[in-house]
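Report on the following structure.
Per-chain numbering from 1; labels A, B, C and D assigned in written order.
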Amino acid sequence: MKTTRREIMLFAGGSAVGVLFTPAPWRLLTDTALWSENWPGIPAPARGEIRARYTNCSLCTAGCAVRARCVGDQPVALSGAGGHPLSHGALCAFGLAGHHLPYIPSRVKQGPVKEAAAAVADGIAKCGPAEYVVTLDLRPARTASWTYRRAMAAVKNGRYVTPAVDSSVAVDLSKARTVLSFGVPVLDGWGTPGNAIAARPGFRLIQAEPIESRTASMADQWLRIRPGSEDTLAQGLAGQIAHAAAAEGTGLAEREIAALAAQLEQNGPVLVLGSSRLESTGRTIVSRRETPVPAEWQKAAPVTDLASLPDGSVRVLIIDESAPGEYLPWKAIEKKLVADNPVVVALAWSREGYGRHAQHVLPVGVYPEVAGDIPPAIDSVAATFRLSVPLVPVPEACVKPEEFVAAAAGLPVTDTLRERADAIHKAARGTLFTYADTKSVELKDVKADDFWKALNAGGCWIDAPDDKAPAARLTTAVAELRPVEESDLPLVVVLSHELTPGSPILSKLYQESNLRLGPNCVALHPSCGLEDGAKAVFETLLGKCPVAVTLDAGIPPGLVQVSASPAVLDLCASGARAKVGRA
Amino acid sequence: MASPPRPVRAAPERKTPVDNPLDNMDRHFIARGAVRCSTPKFLLWMAPWAALLVFGLYSAALCLIKGLNQTNMDNRFAFGLWIFLDLTVIALGAGAFFTGFLLYILKLDELRSVINSAVVIGLVCYSGAVCVLAVDVGQPLRAWFTFWYPNVHSMLTEVTFCISCYLTVLAIEYVPIVLRNRKLRQVPSFLVFEFELHKLIYVLAGVGTFLSFFHQGSLGGLYGVLRGRPFAFREGLAVWPSTFFLFIISAAAVGPSFILLTTWLVQKITRKRLVRPEVLQLLGRISGSLLAVYVLAKSIDTLIWINRTSPETGFQAWQYYSWKPFGTWILVAEIGVCGLLPALMLLAPKLRRRTGWLVSGAFLACAGVALNRFVLTVQTLALPTLSFDRFLSYTPSWQETGTFLAVVAYGVLVYSFSFRYFQLFPQERELKLEARQVEEERELVGRY
Amino acid sequence: MLPWIYGFHWNAGHIIFLGAFYSVLTVVVVTLVAAARRSRRALLEHRVEEIGWHADFHDLPAQDRVCRHVISGEFQSRECPHAFDCRECETHAKLIQRHPVAMPAETEEDLFGMAFPLDRFYHRGHTWAHPEPDGTVTVGLDELGQRLLGTPDALDLPQPGAHVEANGTAFRVHKRDADVRVLSPVDGEVVETGGADRGWYLRVRPTATGEPAFRHLLRGAEVRPWLMREMERLQLALMAPDDAPTLADGGVPVADIAASYPKADWDAVCGEMFLEP
Amino acid sequence: MISANKQIRAARYGMTIDVDRCNGCGACMVACSVENNVPPAHEGATDRKGLTWIRVYKVDNGEEYPNRRTAFVPVMCQHCGNETPCVHVCPQQAVDVDPSTGVVGEMPQRCLGCRYCMAACPYHARYFNWWDPAWPAGMEKTLNPGVTPRMRGVVEKCNLCHGRWHAAKEQAAAAGKPDTEPVSYVPACVEACPTGAIHFGDLNDASSATAKEAAEPDSFRLLEKLNTQPKIYYRSKKDWVRGIAAAPRPGGAGKENSRG
């Protein structure tokens, strides 16, 4: 028989209808959903072997032990490495997102390295008798700091300047039964967070500050004193002025002060933080042994305080910002510079610091790109040595700060970290704690090479406890208030110490919620007359900067809480007077 | 026979007016004998609405292309102006199904003179609502998932299914109205299809009624089931919270009112008699009686909610009304001023006979239902549930408002177009002739 | 959605919900298909004209749909249930059996100078059918119809051999802005076409002959009252929408009414008189 | 997905959060975002348009100094165990409760973005992607391979680190453990909390520390009277803190004080 077209059509039509009664076409329809499920522009996470790598967080001197979950070599998540005798496996919000830092929008990507080097050399050559070549190191007592000191010793009129931090004194929280803190964020990033939290059950915390900070809210007692009246309270408690006067000055009740004084009497040892006016009792503040350094390094420039330099005397200034630390207001630095074109080089990874002022900004590696050691934290009684090891490659354009300075001073470039490690190994004191296996071994039982390997694979050297360590004083108290610039501006500034710049993901904490105060944000009492989230201008005698307003009934009227970003620190310190006006 | 026939003879010669070619450009599309304004005038009327529509479409496009960040909605105010619009518009559009139900199922033949208009209104409202819904969701391309992976426990699924089905039904009901157009009906197949389809229209009316009952209800259920939102949560029968039934009644009540309102408005705008006043009064009466039932049911429901449902979830009812500006006044306005009052106005035959009362009654009824939908959507979301949470306020962005206006403009355009070219009010010609008869009689009385 | 799609369970909820959905779909589709098939059949059976007329008739104002026996005064009021096709109307059959239509003595009705010869049958759409000796039937516009349209601007007549049916379109007339179809009084096949000048428009060979074939048409005594009524409707229709009635009394209607009522919506008037809504 | 297997020993994963230990540092929020590839904020985002699967609220007792007290309350999806409000409302089964874990799951690929679930959630624990997700150049390298980033226009929320649970399952399988037994794992926030305020475990396992703590007299759940039976328990010795679990106090002092 021959098939007609009609029959073919019928067959085709019939089978088409038939197919509709099978799952096949419907299944296919379901699968078409996939294309609407893969919206364009969404990055696909790279896959690969998952493994753990260890390092130490170098975002602050706490240097918490870090366990990095890596895909291949790329860290995708950080967490505290457990069992650590100091950091106790804790990691703060900033540290948890540390692996984002290489990609932050404000990253310095390249800079005029040759020009800067030439300018520095030129400056050193031009340096007159009463002029100085200065290296400003925001985080002293690192191995790199030693390089700077040696370099500054090598150049004519070289000076090594750091913010006023005494690294030879340590706080022993474990000894204290009462901690009286004048605005020190004891439980909010001060010292080694893990250590503070671990020690917390051991002491009664009395927090004296104008605003109920996170620490104050966790404290056993919060004293709401007038901003800037910390010293008055201290004097009152020290009996240097009458309680009445202290009450007058601080805005507290007289009996409150009396009761407090009595408490400090009974409930010692007392650790006083944030004021050098009042004695700590017991051996809560002790002097700490220096982490050993090679003998040949001892020919180093002394640590100079910026204030001790005459104004208009700095010809060459090299600022190492690679390791965040205490920020000195630019105004204070500026007046030390010579009038006729001084050379200022900032070695920074973020454009938001001194890079805003220096004429040469050179890119440097950032955590976790670069190797470097972290000096012991203030609450670490024993000296320590731990490395922040590179987890991701550092961009080519970046320079190594210590090499730059060494080169400028004509020092040979050597592997200083390794030399220091060997020096420590030679001293053969203390123990080595390794993160992967959370074991500690006596250093003397470890070979030098193994020590070095261990340090690079995530390890920490902790000095032997030193029972004979003499009690000491925090001559320059941590985060002690700078003098208040007098003015008739209506508000009194209270700085909240947020670590900036951080990962963009930290927007969760301030932009996408109001948990913390974001960079360039101010918190005011609802009665201030501005709306929540309003754009405003923050103004002090030293200048103004744009800010966003957050209303918080927890802020007493007349106070303004500002997050301490470099831009703000250039304008004011805690206790300064300011005003916030509409943009 | 009103008057004896008199001979027809030449009236005094008049100059034939020079007629503008535009005037009768589209006259062959306009039903014979129906007086409509000139084409330019019509275009002039349509232009601003068209402009508004274009603007609205632009803002909607922004929301679709750039995403819903264009709106002022947020995680807490997950719904805004649009949901309010949807609920209200659909309630007002209920006239279509309810009139159809009364006419074709209960054979209330007087309503034949408004059914076409009702269908158009229904179509406008529902299609508008569906379009806005499509903009309102974050992933419109996945709309079909609701049909593909339906969660039959979700009120929203019920709504989606019913509304899309009912929209189809409305579209089909609209076809005969279009095909009756003078020009189109000259095409034999159109003529015949329209004729045959119209014979089966009661089937569609039945289906439409069924669907409408369910989705009007499930729109109410939408909020009534939110046990996490004690302000909206209601107990009910089986799977349906009380709001389910309240919405059905209120929609049925307000539908006729809205038709009454629009018809009156069209009559005012076009300066024509389109339906007999009795029809409007009938609509008023239906609306009034249902509204009365609704008010009663709503009051009982509210009392139960205040005294049982809400306290059981740990929320004292009074506290909802202590958040300014949503004081108890809103409750009074909803049930009293815009519920009981119009019900009485529409039920009293004396008042009903006065157009002023009739229309304002209808208007209040519509306002009341709109307010009810507003309360259920916006107030529900504004109230905090967590003790450490704040009371929220929300103002729609211009993109949202634009999209909202687009729906209004679209409605006016479609209705005006339909009114011009289709027979929305079959009685129109008849009434015109009647009017003339009356005139002539008057004239005769004057003569003898 | 379907048993093999994610999330489908054979439980009451799904079965009721989806069941309802599918049934609704089925009903809607079936309705559409039914309508489509019926109309297809109608088209194949050439019932377009009939349906067209029925649709028109349905659209006519109630007062135009009255039974001829109301006009003749036998009923108070009655709406014609058969769309003016009395051939299938029992009521009509009974009535004319009881008292057949009287044939007046004179051979033509004269109304305001318009002549309506009684040797023919009148359709309510103002056409007449005149049985010719040769068994064909001539179809033409009655005088009122002629005066309404005057001399048409254009005519489209069916080709000889075409089929016309009672109440279907006989031919279309264009006059000024009016475009109106004229209803055919009889069923049959067009043999010859005429025109205004020849007094008739179509010569038709009727499918049926004898009285029953013309039962639906007016004759004899019925004509006058019907015309009276028509004149009244005309007056009504002619009243310009906006201003007062312009009809003067007495005298003879002009040959071309159209020309003398420029303000009247002529299209509407013709639609009114020729029963085309 | 809902597994048909009936013999599984169902777990009921839950948390206890010691409010008294929370110092509001926000580590949990950061760790959560890192773990679950939640993008950083678009510049237009606010605390009302943001994406924070876990959000730490700052609450106070509404008193004035010296009686003023502040506490920090982390709120994430409470994983309601009874008539889970969001599951029943989702029109297209994009939300479901895994009977084997009790975790309320969200399928972003299925989500229509109608936000009905957000309106339904009394804890405001659901978040909508108002913007296309965007990471600074290069930062996408740091995305967690265990979790797919979501697209714009869908709702997302805490799923107790489903990715980690899945990994744990795979490890258990690799170790030859029976598939029917619940696995033990730790969500990112629990791991990250420096003060150890959050504990996670199987509430069905009476011997687990979490189950024990949940049974403590000082533990409470948010809006308990709604009878949604959350699996997130909060703990506090302070009465006023336990008070926050109740319905809001309209007009009450400190309403607008609450920040976070």
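Assume a residue touches a chain if its C-beta (ideal position, glycine included) is under 8 Å from a C-beta of that chain, and two chains touch if they have at least 3 such contacts.
Treat the numbers as computed from the prediction; the structure is a model and nothing was measured.
Novice: Need the most distant chain from subunit A, centre defined as the mean of C-alpha atoms.
Specialist: C
Novice: I'd like the most central chain, judged by C-alpha centroids against the all-protein C-alpha centroid.
Specialist: Checking distances from each chain centre to the full centroid gives D.
Novice: Which whole number of Å gives the spacing of the CA centres of subunit A and subunit B?
Specialist: Centres of subunit A and subunit B (C-alpha means) sit 63 Å apart.
Novice: Would you kindly tell me how far, in whole Å, the mean C-alpha position of subunit C lies from that of subunit A?
Specialist: So the centroids are 97 Å from each other.
Novice: For subunit A and subunit D, what's the span in angstrom between their mean Cα positions?
Specialist: 29
Novice: Using mean C-alpha positions as chain centres, tell me how far subunit B is from subunit D in Å, no decimals.
Specialist: 43
Novice: Which subunit B residues touch at least two other chains?
Specialist: Expected reply: 139, 142, 145, 148-151, 153, 157.
Novice: If I count partner chains per residue in subunit A, which residues reach a count of at least 2?
Specialist: Correct list: 30, 33.
Novice: Which subunit D residues touch at least two other chains?
Specialist: 46, 49-50, 93, 132, 151-152, 256, 260, in rising order.
Novice: For subunit A, which residues count as touching subunit C in their complex?
Specialist: 23, 26-27, 30
Novice: Note which residues of subunit B are touching subunit A in the complex, please.
Specialist: That would be residues 139, 141-142, 145, 148 of subunit B.
Novice: Give the list of subunit C residues in touch with subunit B in this complex.
Specialist: Touching subunit B: residues 1, 5-7, 13-14, 17-18, 21, 24-25, 27-28, 31-32, 34-36, 38-39, 42-43, 47-48, 51-52, 54-55, 59, 61-63, 112-113, 177, 179, 228-229, 231-232, 234-239, 241, 244-254, 257, 260-263, 265, 267-268, 271-272, 276-277 of subunit C.
Novice: Which part of subunit B faces subunit C closely enough to touch in the complex?
Specialist: The touching residues are 1-3, 5-11, 13-17, 24, 27-28, 31-33, 35, 147-153, 157-158, 161, 165, 168-169, 172, 185, 188-189, 191-197, 199-200, 203-204, 207, 210-211, 423, 426, 429-430, 432-433, 436-437, 439-440, 443.
Novice: Which residues of subunit D touch subunit B in the complex?
Specialist: Going by the criterion above, the answer is residues 42, 44, 46, 48-50, 57, 59, 73, 75, 83, 85, 88-94, 110-116, 118-124, 126-132, 151-155, 222-228, 243-251, 255-256, 258, 260.
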